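Down below are the structures I want you to see.
You will see chain A twice below: alongside chain B first, and alongside chain C after that.
Moving on to the complex of A and B:
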């Protein structure tokens, strides 16, 4: 089934040639080389440009064939009409893989040019990503073919989430957002026109990649539908896959055609396939991030009974409503032991039922007591802790307590906090420590539901 | 795409273990009467030019007496001639039990190939759009999840009593679609679910 195998060479190259590297800061090839230099890429780096002897202090070569070294990855950033010639040179020089960043192929009707590219890639059995793509990024190997400067697009820290995007625009936007999340990135692959390497190849690679714990994907179409189905059966048995699909409606589909020369299929069929094989469907970019962070850090839940701790009654009620509306989760009943202990340890104003309203003057000790009791209560499967930092009792010691608690928790636990600057500061603290934080009851509950649905699928599907 | 002859379509279903209500083409009211044998029957006009039989008044229900059968036969013929539906045929069927109408269907998706559909049926298909799709082949777990995803789940399964039956039917349809790649589209609509199981009342296969 694999169309192209061994993407590993592209993700972990020991040597990289950047074809079209330039001294001119306006050129894409300049930015790419600059990013490699900035990232501290530890492999061997070769700029290729026939008009320069040296770029950024590195010796430049007129042609890739002039380099006396094995090239694991060639990043090609030259105008489209020159790409086939350059690719042919790469093939002859024994380059192991290429990323064609250049646009100007099937997406603007230049189908023949794209077919030529595929022929050359196949002739030399040389995995080729793109054209018309951002390429790849791996914070571990420090490979970064993105032509977007680091001062504009922040690079995420190392983590377990791999992100596949057909579109460069959606890809870079989400990547920028991921850099602000606590969970970090394993691999980013933007594959553009998918002329040679397509989504099935990439998913297959990520399925078998041990560093990838969660896969997030943005797609507009799938080229090999039946192969995708066969892969889909296996992939979600190994790791969660979160998918956002563009081109659902007739209007969106038209845009998709002119965008990445992609054939968007009918949304209902896609949705059915995703559901049937346990994918988590995101409806927009923020949902995609909400799901990514819970899957990145939380363990498998035993069930859908939620225990809520809140230092604000009303938000607890909203969360309980969202749970009631979810159609799958339930507000769990507290055991007699939990109730008895709550009565014994909490001041009289604390409400002894679920949600446990520990009141606005609650400090870290009350949070700790309530969370510990829920952790030991067999009737509770997941914890939703609502920490409102506007309250008199809540400060950084509460955030620190939640982080500390998280490290010892065997049950999935997420935090809901709503507010402006002071809250945001604590949200960043908690997220950097790997605690998923949400800013609306609805988003929090959707994430808990997605977690349960995925493991339910994984455990029950034959 | 062309519509497959009804009785041929019925035989293909039969060969795949999917049984539909007893049906027969008739060339006279007399043949219809002997088919009835005193039991109430349904009489329909079938033509490639008429897609929605019930909407266009081409279905006559609950016919028992000789006069009823003769009258229905005459009216359908006249209507068929008047609306220019030739060539057409008249078919008679045993009357199904009362129950909940569902649809089970199949389509060929450009990306994923054969897909099977289940939903609330009859006249409600388009109004409520309560359906679930699955890519073939679907197994028992898949069809169970498809049924569970429907809003009308409890209604169409008779509070779960007919769930297993419907699950098996969806699986059989999926198997049939995979075995017969030439089937482009399929409608079993309505399939009537009652206390006693299911009865397939109308079949459309497009090739």
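Moving on to the complex of A and C:
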């Protein structure tokens, strides 16, 4: 195993060569260079192209060896057959790391070509990602090797969630989805064929990366099973890891085999390892996002007793059902003090029970009263606040109150709101202020449960 | 039981009196009148208010009896204690139906007041919805008794899905969500305390309403159990009914009891009836929408063998997993003809298997070829087309091709697409053309399964 776990040069390069950069907008190398220019990458940027003196106002070089500068990262976007030659040049020129976006290797049977690539990467001890991958993105360093234009695939803001994907399609859809979320991205790594650097290397790097608070991954198979298990023992003690595995059923495994030629073990054996070591298992892309969101912002809960505030009775009932179905969480019992204070401060039509149904005409005051009492109630561990903005009482003062309240909350708190444009406006308000917002009772409750399970694991594992 | 099942006067009134209409924008009666005016209601509109001669340019009447016209629907939005008096006046004036939006009856212990209301409704055989309800909406007739302004709660376009909700909160959130969907609304009925007209009356009306193709309902309890079972035997033979019940768990039942004082039977007994009579059971608000969408547009499938086209391998794997987990559907086997034609027409890198992974550079031609071959393959019953718009090949020509293809498709076909703004643009394109679009593999596959289960029931029940 090469010493590839330090991927710093790839994620925080001070100089990038784009080999295959092109003036032709249909070429992958054009889009990649364009994205660096658009993102305002502040390092030194070198297009490499035999047939051009200048691309997008930057001096172009015929070969990477002609550049009189240390190159931290070379992005390689040339036809597969030329990749070994280019990689050899990179090695000779002392390039520190490479990302090979080109496809046309083992995934279409060109095994020999891929083996050549690995030999060169090893010879120069040059961490090489891919081939056949989207590569890396980091909104802090503004590295961005994705050959997808920003109008098609929005780029997320800076945050604490890192995302690792074998599949480019799953990777790019999730990256696009994250751009619509409030939690933001730390690192994105799509590693394709994993010829040299593989999932274990990447996870080890992210485990030790201080900017990564939460790791989210999509995998179809893991090659180095024993190394993975060794890593799994350590990684979830440091930070939460959310995993979605493709190929959990016979039908999915068959599809995965056609896709990445993963010789996946049974889902049962994967699941056993994930559960044993406190991974959060997602069953769908949407669940990955739901879990990432709560882990990105919420503190450790003391337990699973949920306090619910709602301005719509029926949605409170559905949330209570979801809690009842969770098998772990409970609708908490209100203390006598809480009940007494609610009775004193709320209008007579408010039912003094949990869920606290503060009614459709509730404004920020009633939300604030209910949330404050739940915060002070020792029988409540986490808050689920249902704010329906179709109601007569709810407007942006309610959203602002929830945000303000959250800033001082020591208990995990999430918001459930459901609706179209007016609701979406308030959802964006709250999420951009770091408050996790969900759009179905089921999703909200699953997220609360995942948070509790993770910290239970961490606290009860020596 | 009154003869209330014909709610035509309420849903298609040619004249509406709004009792409690007001110039004061904080009053419910103001918002209701405003919504009628904004919606362009083409019938005759009469504000009733003792203290005004004119409201919003319309002549106002001191009492309903002063109006020299037949009133098909009176919307009553006055304080609870005045409702019996007003209702009596309506009865005397020959009003054909009423919606009582006012709250303050049985839900806060005012049982006697509610009994008075029922007596009057029965005396005049005057179908009365509510009290404590949002009332009705029909985008065809432009009747709209909701006291929620359109900037908070968007109103859906005309379509074939009717929605019935006991809870105003669940009703309004779903109505708002439907406004963002392509399938459109036939009737919306939020019936609140169900003092006179109840869920069984409403379902019977919708069963016989030709404009209603699909019924979606949220309930916490059903009062007339035997009548409901009699109706259940008939209704799903005519059209699909999707049901979400609040209070399925002990914790949810307790919340439901506080909410609508529903003395709900056990979920097991409800579930048994729903299953026996071919209802589609939703477990969450989001599932209601997912199911409504497919039933609104898709024909009867011949079986459960799914053909998948994807321009992203990993998402195809996740769809195959969801099918594997469904317990009913299968990833279909491609015929020899299909395989041969795919091999002939597709580039060499395309894997000839199901899912058909047409790769990230696929444009409309490859989508069209794959869909056409699946349509002609007798081993395929339904199509799941995964179109990821982050890919280099996909743009609006692909969305247009899917729409065009759908217009001639005899097999059920749905689309899965996942992403942010650029994706959402294409989703709206496709949905407004009547193509159901999903944003997670799990949701898409659950919808296909529900479609198959419903027609299996209908075909195998005498």
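Everything that follows uses one rule, which is that the second predicted complex is superposed on the first by the 459 of 462 C-alpha atoms of A that agree within 3 Å, B and C clash if a C-alpha of one lies under 4 Å from a C-alpha of the other, contacts with A are read in each partner's own complex, and residues count from 1 in each chain.
Definition applied: contacts are C-beta pairs under 8 Å (C-beta built on N, C-alpha and C of every residue); 3 or more make two chains touch, one makes a residue touch a chain.
A quick note: this is a predicted structure, and the numbers were derived from the prediction, not measured.
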item: Which of chain B and chain C A:458 touches, first, second, both or neither; value: neither
item: Touched partner set for A:44, first chain B, second chain C, both or neither; value: neither
item: Partner chain(s) touched by A:238 [first = chain B, second = chain C, both, neither]; value: neither
item: Touching partner for A:225 - first (chain B), second (chain C), both, neither; value: first
item: First (chain B), second (chain C), both or neither touched by A:275; value: first
item: Which of chain B and chain C A:351 touches, first, second, both or neither; value: second
item: First (chain B), second (chain C), both or neither touched by A:168; value: second
item: First, second, both or neither for A:266, with chain B first and chain C second; value: first
item: First, second, both or neither for A:14, with chain B first and chain C second; value: neither
item: Partner touching more residues of chain A, whether chain B or chain C; value: C
item: Common interface positions of chain A, toward chain B and toward chain C; value: none
item: Residues on chain A engaged by chain B in the complex (per definition of touch); value: 221-222, 225-226, 228-229, 263, 265-266, 268-273, 275-276, 460-462
item: Footprint of chain A on chain C - complex, ascending; value: 28, 103, 108, 147-148, 151-154, 165-173, 176-177, 179-180, 218, 220, 244, 246-252, 254-256, 258-260, 283-286, 310-325, 330-331, 348-349, 351, 353, 355, 357, 360, 388-392, 418-423, 439-443
item: Chain A-facing residues of chain B, complex; value: 109-113, 115, 132-135, 138-142, 145, 149
